[in-house]
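Remarks on the structure that follows.
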Amino acid sequence: MVMPITYYLAVSCALFAIGVVGVLIRRNAIIIFMCIEMMLNAVNLALIAFSDYYKAIDGQMFVFFVMVVAAAEVAVGLALIYVIFRNKGTVYVDELNIMKW
Amino acid sequence: MSIDIPSISLTNIGPLITLSVAGLLLLLVDAFSIKGVKKGHFHQIALTAVLIALVQTVWLWDRQGADFSRMIYVDNFSFYFYVVFLIGTGISVALSIRYMEEYHKSCGEYYALMLFAAVGMMLLAAGGNLVTIFLGVEVLSIPIYILSGMFREEAKSNEAALKYLLLGGFSSAFLLFGMAMLYGGTGTMYLADLAKVIKSGGMNPLTYLGLGLLVVGFGFKVSLVPFHMWTPDVYEGAPTSITAFMSVGTKAAAFAAFLRVFMEVFPSVRMDWDMLLWVVAVATMTIGNVTALAQTNIKRMLAYSSIAHAGYILVGLVAGNQLGGIGILYYLLAYTLMNLGAFGVVILVSRKKDSCLNIYDYSGVGFQYPGMALLMSVFMFSLVGMPPTAGFIGKFYIFSAAVEAGYIWLVIIGVLNSLISVYYYLRIIVIMYMYPAEADLGPVPLNATMTTTLVFSAIAVLAIGIFPNSIYNLALSSVKILGI
Amino acid sequence: MLIDYLPILVYLVIALGVAVGMVALSEALGKKTHTAVKDLPYECGMIPSGDARSRYSVKFFVIAMFFLVFDIEAIFLYPWAVIYRALGLFGLIEMGIFILVLAVGLAYVWGKGALQWE
Amino acid sequence: MNLPLLVGVLVVKTLIVFVVFLTTIAYVVLMERKVLGFLQFRYGPNRVGPWGLLQPLADAIKLIFKEDFTPPSANKVLFVLAPMIVGLTAFLPLAAIPFADKILPDQITIYGQTLDLTVASLNRGVIADVNIGILYIFAVAGMAVYGAVIGGWASNNKYSLLGGLRLSAQMISYELALGLSIIGVLMLAGSLSLVKIVEAQKDMWFIVYQPLGFILFLTAAFAECARTPFDLIECENELVAGYQTEYSSMKWGLLMMGEYGHVVIASALTTTLYLGGWYGPYLPPVVWFLLKTFAVIFFFIWVRGTFPRFRFDQLMYLGWKVMLPLALVNILITGVAMLYF
Amino acid sequence: MNFPILSILILLPMVGVALIMMLNRENQWLIKGTAMAFALLEFIISLPLWFGFDGGSAAMQFVERYSWFPAYGISYYIGIDGISLLLVLLTTFITPICVLACWEDIQSKVKEFMICLLFLQTGMIGVFVSLDLFLFYIFWEIMLIPMYLLIGVWGNPARRIYAAVKFFIFTMVGSLLMLVAILVLYFYNYKVTGVYTFDLLKMYGLQIPFMMQFWMFLAFGLAFAIKVPMFPVHTWLPDAHTEAPTVGSVILAAVLLKMGTYGFLRFNMPMFPDAAWYFVPLFSILAVIGIVYGALVSLVQVDLKRLVAFSSVSHLGFVMLGLFTYTMAGVQGGIIQMINHGLSTGALFLIVGMVYERRHTRMIADFGGLSKVMPVYATIFMVVTLSSIGLPGLNGFVGEYLILLGAFKTNKVFAIFAASGVIFAAAYMLWMFQRVMFGTITNEKNRNLKDLSMREVVVLLPILVFIVWIGVYPNTFLDKTKASTANFVAMMEKAKATKVAVADVMVKGDQR
């Protein structure tokens, strides 16, 4: 039951692409944020697949770090979004327009 | 199960440890207000740490090799950047003091985060493995996300932080995907091994994809066109001291990694990326400069100009020769000094909170505060690239590198861009010296540390501009490591 | 390798079947009547006031964020713990540093009063 | 390898284990009522069947036939989904918990076909001996919080929402302590597989080496199951019934099954991690395992009958400021001890 | 040569700057005095150059060379030959005059003004004495900053900023392209010789392919042409001159414009001789256009200063024409004309400035009959005007005569057109003089104007002395430049000869 690496890659790329598109078209900061996380997880998938493919541990180790980083990013991000929601009452990036985008 | 315990020497990352420990200490001191440490004096801890780290770096100089199972390079290239980051951090810390007091935020975590960001920068410059590089990027970025949003009550600050976070995260994801692809294409994450594989004809669709995505990822961090959209907003909204810090720190760190990765891993496939970077460099310089022309907010102006500077620096990378490497290293040091100096004056002039950020608020500063105006002029002329300042020598190196490599047109576009930049940098000087003061500007609350720092920066800008030899030699011994 | 997870898949199917089946069973068997008062959200017999989905204390968010960070950090301890015997003193020192950093983070959060519920 | 046959055996084995598990849950409810009655000098249920032994059956029939009411103001999909999640997350961890050493021979012959039962640990007293068993359990059990939050939010009831939020805050707070407290065990066992962990206790239960870890784990487990003294989410005098307020019929039944399922799982896990799992003299492994588990369950009920409830701030205080640092200390102590003793 | 006289000349003003920075800004007298003292000291120190200079040698003299930036082959390499000798002396000579001239003119921000002035002096001297391309470029750029500030801060309020920025940007355009060219040259030199150097004299001997010369000549040429200013890129000059304070205009006219012509002479032509020959027609035509255009435009000016400014365009056209003849007469004429222009146009600006101080207007129409109320002024004005026109016996004649002589030898058409410039010059200058000085006093405000003060006479007198000196006995100056000029002409001839030889070979090859 060994799956070819291309399957994993395809899923990973698809996830990544969905994430990118989500970031680009969605306007809700939280959803954008989730899309970014999805991109990171897509990468994780790819890394693990490669790691398995090369029978090397590097990729899996990298995934750990990515997870940590993602968590830290989420912590900061949610805090920020919360503050913004309290100050402005919205999390839609369109409405955050004191400065030009 | 047997595990090879790598022999590691913590002294090799002494500066990083110092800064981290100091950062943790700051957090504790802040949270528990230990006796004998006044709340307002956190910056002293931070500055001390920076100094110690600087001494450590100097002491480490000329060590060679790698440590932590080759995850971290211990070489002059890293050390050079350590010095740049430490100078940048030190100056930024000094510039923050009054700014923080004004906001009644004499908070330890502010300085702690700065130190952590500096650690990230160092990690980025020293990374010998894609993992370390990615970690560096994030350890650098995450504190800066927070720092940009430090002023919780200010909508602008919030907005800047969120924008930076979203786009920063976005770019990290690209960078990461690129790294994954490189890994997938070659089966290794060590830069040295990657280079070997690629040199022996290991380029395949995955590695090409990885290469491209790396450019995107780094491009975001150093704000290359077309990945520059975040820069002006974030620079404008973030607290000025942080804008200063990130404008130099992030850029220098990302360029360090950019340079290391492209010079070490991809030199054998130069043909594949030099035209790409050529175009990006031209676009970056031009768009940065032209847009900067239209700005009236000085922070925005400096933001766009920083984009332009990224373009100049990229020229050095396109050149890709030894001189180019030296040019980039020198330029980043010069840029650190001059840009921080400029932001320092901006902080001084914006007397009350973030007022006086319009360039016309500088009317009459020239003769009311001759010292400050003189400093600003030095920094502006340096940013323009007038001799005998550091900015000139930096551009000189970079452009001469490109000439040497045969990119005459790139250089011509570069100098024409410098010309455009003359206009908006000069405008500040015009306004300072040639416009009448609209009203009495009132006292500028000077602070001994800040003043000393700014004077130091100005003198340094002139000194390394007039006597670039020592820096050249340092940079030379650093770039040699890259094998160019 | 993968075959080791087959039982889990089987078990998942069965458990899911049971869970869904139970709900479906009572859905199918129980009778349904609606009255105006019965349809109201339960507030001890009072007429409900205000929207139930209002904002709630920031504390919950803060806790969630702390968890996120600390839990992920804790995850790092697992692989380490498994091979601790092989790592020996080296592992202890490394993880000691790691735990120290975690502890400083906790102390900071503590000192700043973020763990204070009231 | 004959896959269909393998799956067939697997299904049978799994079904048996699962039914036993469900029955256990049902009887834990009864046991609780009986024990609480005993502790309070009264009888528990004693009308349905001898000593009330058929009470669970009666309850089940009642629940199934009760009106399945979904409040119109609730979010329908989520409202239905929540109990399923709660139920599932209580059922699923069982898959990785070993209840005996070997229960079947390595090879059996069915319909003339020889089947190698070592594949997928079919011969062992565990549904799935995966090498990351403990992670699996945490991963699945951690999802329980979704059930509570979704249920609380979907009900569109203030009590529910607050209950759900409290539960989530409580669960994630104690999940940290829970996760960190078992690291000592992992260090001793050197594996994440629960089977390996049990096997590592052949000579000595880990509770001996890990007294602090055991206490922390058990406390955290109480909180995770939202049992007294941490049952703030449904403390009837504050929040009616917490996130369960709007639920009725079998949906509520699933919630209850989830709750008691968690208790059973937590007890089984305590047994596995600290009390030597199936090991014990004279009696068969399964019996030992059940004995130990029920002892822990009894302890759960005993505590419920004895302790007062915490206030929410006290709960948070305990979780973050006592348990978490202690868990970290425990790791260091274990580390040092393993090096030098 | 032991005594580092040139370095002292470069550094002394900086010492003055440092000193003035420390003075209290309230004490204007002290500031002015210090500046004056330094300017005079500078002049005195520069005098030994004249006496110590060996006019019979074309070699660089007073050479100082220190390794500055060895890795790059940059050195602090300075020295003068006959050409730069005169220009250095002109600089040191003009500066004290300027300090004295602005004694009362500049009232506000005196401290900064003096700082700029002395700073500027460093830059100017540096440009004239640098023999290292890199060093030269640095001085070339540094000099921009104080001049820019002089125009922008102390200029005419209405349009000073526009003028200052225009000046700055025009100059930068050229100089940045020059920087690129310098770099290209530098690396070409390395490729050919294997030595990293910015040494100018080494570049002279370099054999550069023609196409490269072509572009390099253009790149360098643009920088210098803007500075000269030559015809199509001259537009910054009238603005800068008009808006600058008197002293700014004087220095601009007297010294800064010379840097352009000096640059052609020192860098462009010897380094890229083939291209230099190639471009003779183009640049000669531009020079002639400059002469005629400058003169014609001067005719219609209503503003005194603007008129003088456009006359500069015309005069410098002469210089360029002279240089591009590559003949002994033409080049020497060009050199001497540089000095002449420095003296007479500088004096003209001073004169205009003096009347401006009194009347605060520069419109020709506002004046008339000044000779009656200001006889001394009128006399000096007359002499300077005539000098500018090129009256025999005064300096202008010498230069223009030599240039036309050179031009006639090489291309008569250009010479004829250029000669017409002399006539136009007479026309606009004399007409201007007449309108300002003669006639009846139409404007009552002019009736009570004071004649020149002692200080103002002292300012102008030294210039007059030289105007007459050069006019009567130019050989004093020509002798000093002779050897250097001869050397230059010989270099150019040699290049032409090789080019002809190459062409011959090619032609013969064709025939075979």
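Order as written gives the chain letters A, B, C, D and E; numbering starts at 1 within each chain.
In this section, a residue touches a chain if its C-beta (ideal position, glycine included) is under 8 Å from a C-beta of that chain, and two chains touch if they have at least 3 such contacts.
The structure presented is a predicted model; accordingly, all values stated were derived computationally and were not measured.
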Shared interface partners, meaning chains that touch subunit A and subunit D: C
Relative to subunit B, chain with the most remote C-alpha centre: D
Pair of chains ranked first by number of touching C-beta pairs: C-D
Of all other chains, the one whose Cα centre sits farthest from subunit A: E
Chain ID, smallest distance between chain and overall C-alpha centroids: B
Geometric centre distance via CA averages, subunit D-subunit C, whole Å: 14
Centre-to-centre distance between subunit E and subunit D (centres being mean Cα positions), rounded to whole Å: 95
Distance between the centres, which are taken as Cα means, of subunit E and subunit A, whole angstrom: 65
Centre-to-centre distance between subunit C and subunit A (centres being mean Cα positions), rounded to whole Å: 21
Subunit A, residues touching no fewer than two other chains: 72
Chains grouped in pairs wherever the two touch, ordered by label: A-B, A-C, B-C, B-E, C-D
Complex interface listing, subunit A residues touching subunit C: 1, 64, 67-68, 71-72, 74-75, 78-79, 82, 86
Residue numbers on subunit C that touch subunit A, as the complex places them: 2-3, 58, 61, 64-65, 68-69, 71-73, 75-76, 79
Contacting residues of subunit E [partner subunit B, same complex]: 68-72, 109, 112, 137-138, 141-142, 144-145, 148-149, 152-153, 160-161, 164-165, 168-169, 172-173, 176-177, 179-180, 183-184, 186-187
Footprint of subunit B on subunit C - complex, ascending: 83, 86-88, 90, 101, 104-105, 107-112
Residues of subunit C defined as touching subunit D within the complex: 3-8, 10-12, 14-16, 18-20, 22-23, 25-27, 29-34, 38-44, 48, 50, 52-53, 56, 59-60, 63-64, 66-67, 70-71, 74-75, 77-78, 81-85, 88-89, 91-92, 95-96, 99, 102-103, 106, 110, 115-118
